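Notes follow the structure.
Each chain carries a letter (A, B, C and D) given by its place in the written order, and its residues are counted from 1.
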Amino acid sequence: MNSANRIPPGVWNAIDYERLASQAMDAGHHAYVAGGCGWDATVAANRAAFAGWAVLPRLLRDVRAGHTRLQLAGMELPHPLLLAPVAYQRLAHPDAEVATARAAQATGSCLVASTLSSCTLETIAAASGPARWFQLYLQPDRAHSLHLLRRAEAAGYRAIVLTLDASIQLASRSALQAGFSLPPDCVAANLRDYAPAPAAPLSAGESRIFQGAMRHAPLWDDLHWLLAHTRLPVWVKGVLHPEDARQLQAAGCAGLIVSNHGGRSLDGAPASLQMLPALRAAVGAGYPVLLDGGVRSGSDAFKALALGADAVLIGRLQVYALAVAGALGVAHMLQLLTEELHACMAQAGCAQLSDITHDTLTPSC
Amino acid sequence: MNSANRIPPGVWNAIDYERLASQAMDAGHHAYVAGGCGWDATVAANRAAFAGWAVLPRLLRDVRAGHTRLQLAGMELPHPLLLAPVAYQRLAHPDAEVATARAAQATGSCLVASTLSSCTLETIAAASGPARWFQLYLQPDRAHSLHLLRRAEAAGYRAIVLTLDASIQLASRSALQAGFSLPPDCVAANLRDYAPAPAAPLSAGESRIFQGAMRHAPLWDDLHWLLAHTRLPVWVKGVLHPEDARQLQAAGCAGLIVSNHGGRSLDGAPASLQMLPALRAAVGAGYPVLLDGGVRSGSDAFKALALGADAVLIGRLQVYALAVAGALGVAHMLQLLTEELHACMAQAGCAQLSDITHDTLTPSC
Amino acid sequence: MNSANRIPPGVWNAIDYERLASQAMDAGHHAYVAGGCGWDATVAANRAAFAGWAVLPRLLRDVRAGHTRLQLAGMELPHPLLLAPVAYQRLAHPDAEVATARAAQATGSCLVASTLSSCTLETIAAASGPARWFQLYLQPDRAHSLHLLRRAEAAGYRAIVLTLDASIQLASRSALQAGFSLPPDCVAANLRDYAPAPAAPLSAGESRIFQGAMRHAPLWDDLHWLLAHTRLPVWVKGVLHPEDARQLQAAGCAGLIVSNHGGRSLDGAPASLQMLPALRAAVGAGYPVLLDGGVRSGSDAFKALALGADAVLIGRLQVYALAVAGALGVAHMLQLLTEELHACMAQAGCAQLSDITHDTLTPSC
Amino acid sequence: MNSANRIPPGVWNAIDYERLASQAMDAGHHAYVAGGCGWDATVAANRAAFAGWAVLPRLLRDVRAGHTRLQLAGMELPHPLLLAPVAYQRLAHPDAEVATARAAQATGSCLVASTLSSCTLETIAAASGPARWFQLYLQPDRAHSLHLLRRAEAAGYRAIVLTLDASIQLASRSALQAGFSLPPDCVAANLRDYAPAPAAPLSAGESRIFQGAMRHAPLWDDLHWLLAHTRLPVWVKGVLHPEDARQLQAAGCAGLIVSNHGGRSLDGAPASLQMLPALRAAVGAGYPVLLDGGVRSGSDAFKALALGADAVLIGRLQVYALAVAGALGVAHMLQLLTEELHACMAQAGCAQLSDITHDTLTPSC
């Protein structure tokens, strides 16, 4: 782990942090972060989906007033790149989420803090700028969920991101093979004071999945409860099916995040980008839709926006940059991604995000 | 060969038995089991066909009462994973089919015993639970076929699986190159008392195939004879063409098994999964259709069910688990597959097998 | 070069001669035979096109009277595998075309002797059975062409195969890199007594192609002349464009051979098999259409017949078998191919060639 | 660097200069020339697009009067292969653009001299034949652009090629990794006397792309100005979008060059060849359309013409041949390409360029 907080040589693009992190990180930690679940088929699909589209350059367009500012849920953001909720950032750097938060503040980026952060949400809030959201895993005990909500509200988080696709998270084969386990200093700081759910041993014939892991999985009723118990807008993360999208929109969610949890939940789920057009079509224009999964460059972000996203979330690159160069690395990575997006927009003749329409793309041969 | 009957380290998924078996088995035996015929094009196609589909996760569904029980031909089964008929299991383990039968009994799985088993069908029946079927190769002499039928009926087998796609089985190139031949202790125990068909040398100009290997190949008349001579339901295994499916259904067969014999009959035959939707369409909803060929995970089973199968048969994984850890290995492999299926169902929002419909899938990019 | 004329170990399929020939032949000779022209893109396409189709097995069909006999242009042949015209067979074996002819005779196969054979057409005729055709390259001097025709007629050849796609034959890169050149003992024996065309140096601005190599390329007028000057049926070899096919049919040709000269004429031409359905559609049912290019197995032959060919020609495998085991090798290769075809037919439920229709195939996934 | 000006062994096709140049050139210089931008995805796409098409041979066509002459913008050219504008040719050879110009003159080829040439446009003009065009980058100061125009007119250039797709040119990763930088003796000779634009530091929040690199990027107004200030025909290079093509045609441009700057501008732009049919359709028949990007053989040129181009430009092969054998190499490369085109045409039955229609191609399987 590198805590020198300087930009090493050889970082020309944001994705260079990926390469450097594989050298900087403990092998097991790296396998855990880089891997998804199973054989990483969905991890690979997330990346491959971007290569399926080419960007069409335009000529003679005036982009001298170009910018990437956007209004998102009442926030004015300088660029459509959010920092995705990523658990246990202490695996990457001793400053953990505090470093990430400082990078978000320095670049004006919106940070989504994870329920499973190594630092408490209050500590993260203190280090971050005003653009901060809180990612929520519903707890088996609703009192704990409510307490988390109140803490997030009190700490100035401006939206709740409810993650719904992670009731089951099978390990990545590469992490298993690397013998990864969470080190003792890596704990879910936010949950330290909540007693775990009472053990409920399975009866004969019961399934470790259906009657085990899914026992406390969130249901529609839980979503309605949440919507009724917070004044914050509630986003849902993990949407891939158009019918779910329609129902979540109808239920009153503030917006959706198209995601397969970075390929960490169901190995064999489709790429986020593959499903994006159908999801945008399902909810119609104007309803907020974000995407994560596979974004490694400004061109990737451009393609996601062209296919219907309002913004994208950056997950693994965030951790890689954190591991390589701490807060400075994360800020640098975001700056590089933003400039890559600017360059792609300028060449496609787009002076603002709303110019990035579907007809800026063509399928790759 | 490993007869230690303990689960070795490194088995996280059912498919790990494949990797471990390649180390545990004699190289020639392994080549024989792993190979199909010819250049294994159909073996590869069987696997690749599953990768062509992605599973769509669903959110907020209540699967706490989830299970995989099914009624199949009058049996109540805990899961839709049958043990495919596999010849000569002594190649894999000294306990041979007895070990497999014990695993079937322990897990409540349906076992399909092969005509070409290393142990007699009576021995297998004694070791197995009530869910047992008998796979039949029609013998050149109908008296022998009838005798086998009566023995199977007497031994409590509850269905006959007539294999029709194996009149010609060319060797696998890899088995040829490994110099595989059946060892002397590996015999077709069921057939020991049946005199072989009299030699019928070919005349000049006759074909070793048409007038040789196909001389005793089953015809429609043989199927009608069989249906008339047993009180057991008769399934047909090896169906790939929709027109055959319709005719077999009309002839009174109890159900079909979509199969290319694990790629062991015609190198260049299509993947079982590729043909499944057309076969389901041919016979309509409600008629039993099973599938084998390429199933290596619970997700694979899920995909087969989504595309029209009522259940799947597990062939090579059965042998691999047997070779690695005997009866315990086979039971463990079935348990892993079942849990993988549960996990896939839970994430796709399916609480029972009938929820696994075509719209749970989307083509992979 | 191996002139031992015995079948070496390791020949289980016809295509094994390909592998063994790469060891048995001089490297340069092998590169010349195996290569096509340029980067062998069309050579590869010929092979790949076969893999694009799967064969659908059928069940319970009676093929006990199965055979592969066919009537082709007045000949009764035991199988639809002709020996393609291949130049300079002395490169492969000292017995050259005489060995090939003996294999043809022994197996009842139809031999197509090349204008560019290392032995004279009379010598080949003496060694071959009655099923022999003569492949003609029109000579710059019509008197020479006429003389070749009369010799072929006198030697009992029963058809003329006019090759039209070889006016330009650029070298294969692999043969160039291997430094191949025709050895002194390899000459076009048929042409020894014909004075070469007078030199015609190019003027400034003239093209080595248009005004050079194409100066004596055959034209429609030459075809009409040929049809008027022989009593033998005239087949045309090298057809890929449907419009050419229609015009050749209308002109009175006996039949067509779909071919790209084994990828030796235009690197980047489409696979023979790719064009076959359109060519069959162009000439209608009943008009003879053969195919060469990429056939390496009985299944390949089956697929060509299913897509519209009446028979196929075997080129490179012929040379490989000749190089490995002389006449015996060629005969053995033909026997293996035939049995492979029988096995494929039997499994597809085809008892005769006319049963091999388009619906025996399905696209590979 | 090889300045021996002799053809080395092993040059059988024009593309052999590519292989030899990788040995002859300084590694960093080679990386700069061979690379595009980013990960060279568009460089690869340019090549791959040609492999997607096969050429259909035709039989018995009379091509003895065949030629590749064409009228292009008032010039009579012997072949449709132009030398693309390539900057800084001193990187490849000490004689730089003078050598290229001599090769153009010797072969009658049209040369397009770059604004960024290592020699002045006047020096190049003196060495070249009458078929010479001048590629223009508009300068930040219109007075400089006007001066360049007047110099080009005075030096007898017959057309202006306005490059519009290079306002942003990110480095190639391979060039970055090779540590490439322009050596001191490599300067833009044409621009030596023009003072650079005054520095304009960015304010806080401004983008290095939108407010930096794009500050002086050409706009429609600049194109109109250019058309009004020169008597020469103006071509536009870098067109990929059909709507741009229509507008440029309407604005009075003489013709278009379909190009992605050899993959050097936007990594992820589509292949030139992929967009060509839509661009031809946009401007209609009869309007001049050229193409560059990926042409490495006469067959490639043939395919571009079949898909709608009137001629093609040769970029990297020009530099490679220059590096390997100076002026002689470039002339030889052009001769090889021309003969490859002749051979492809002859086999496709095309005696002149207008015979190269879309139906000479078929998609590769």
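In this text, a contact is a pair of C-beta atoms (placed from the backbone, for glycine too) under 8 Å apart; a residue touches a chain by one contact, two chains touch by 3 or more.
Keep in mind the model is a prediction, meaning the values are calculated, not measured.
Residue numbering shows that subunit A and subunit B use the same positions for less than half of their mutual interface.
Think of subunit B turning onto subunit C: fitted on CA atoms, that turn is 90 degrees, to the nearest 5.
Rounded to whole angstrom, the centroid-to-centroid distance between subunit A and subunit B, based on C-alpha atoms, equals 43 Å. Separating the CA-averaged centres of subunit A and subunit C is a span of 60 Å. Contact with two or more other chains is made by no residue of subunit D.
A list of each chain pair in contact follows: A-B, A-D, B-C, C-D. By the touch criterion stated above, subunit A contacts subunit B in their complex at residues 38, 41-42, 45, 48-49, 52, 164-165, 167-168, 170-171, 173, 176, 205, 207-211, 213-215, 217-220, 222-223, 236, 238-241, 244, 248, 260, 265-271, 274-275. Note for the complex: subunit A touches subunit D at residues 12-13, 51, 54-68, 78, 299, 339, 342-348, 351, 362, 364-365.
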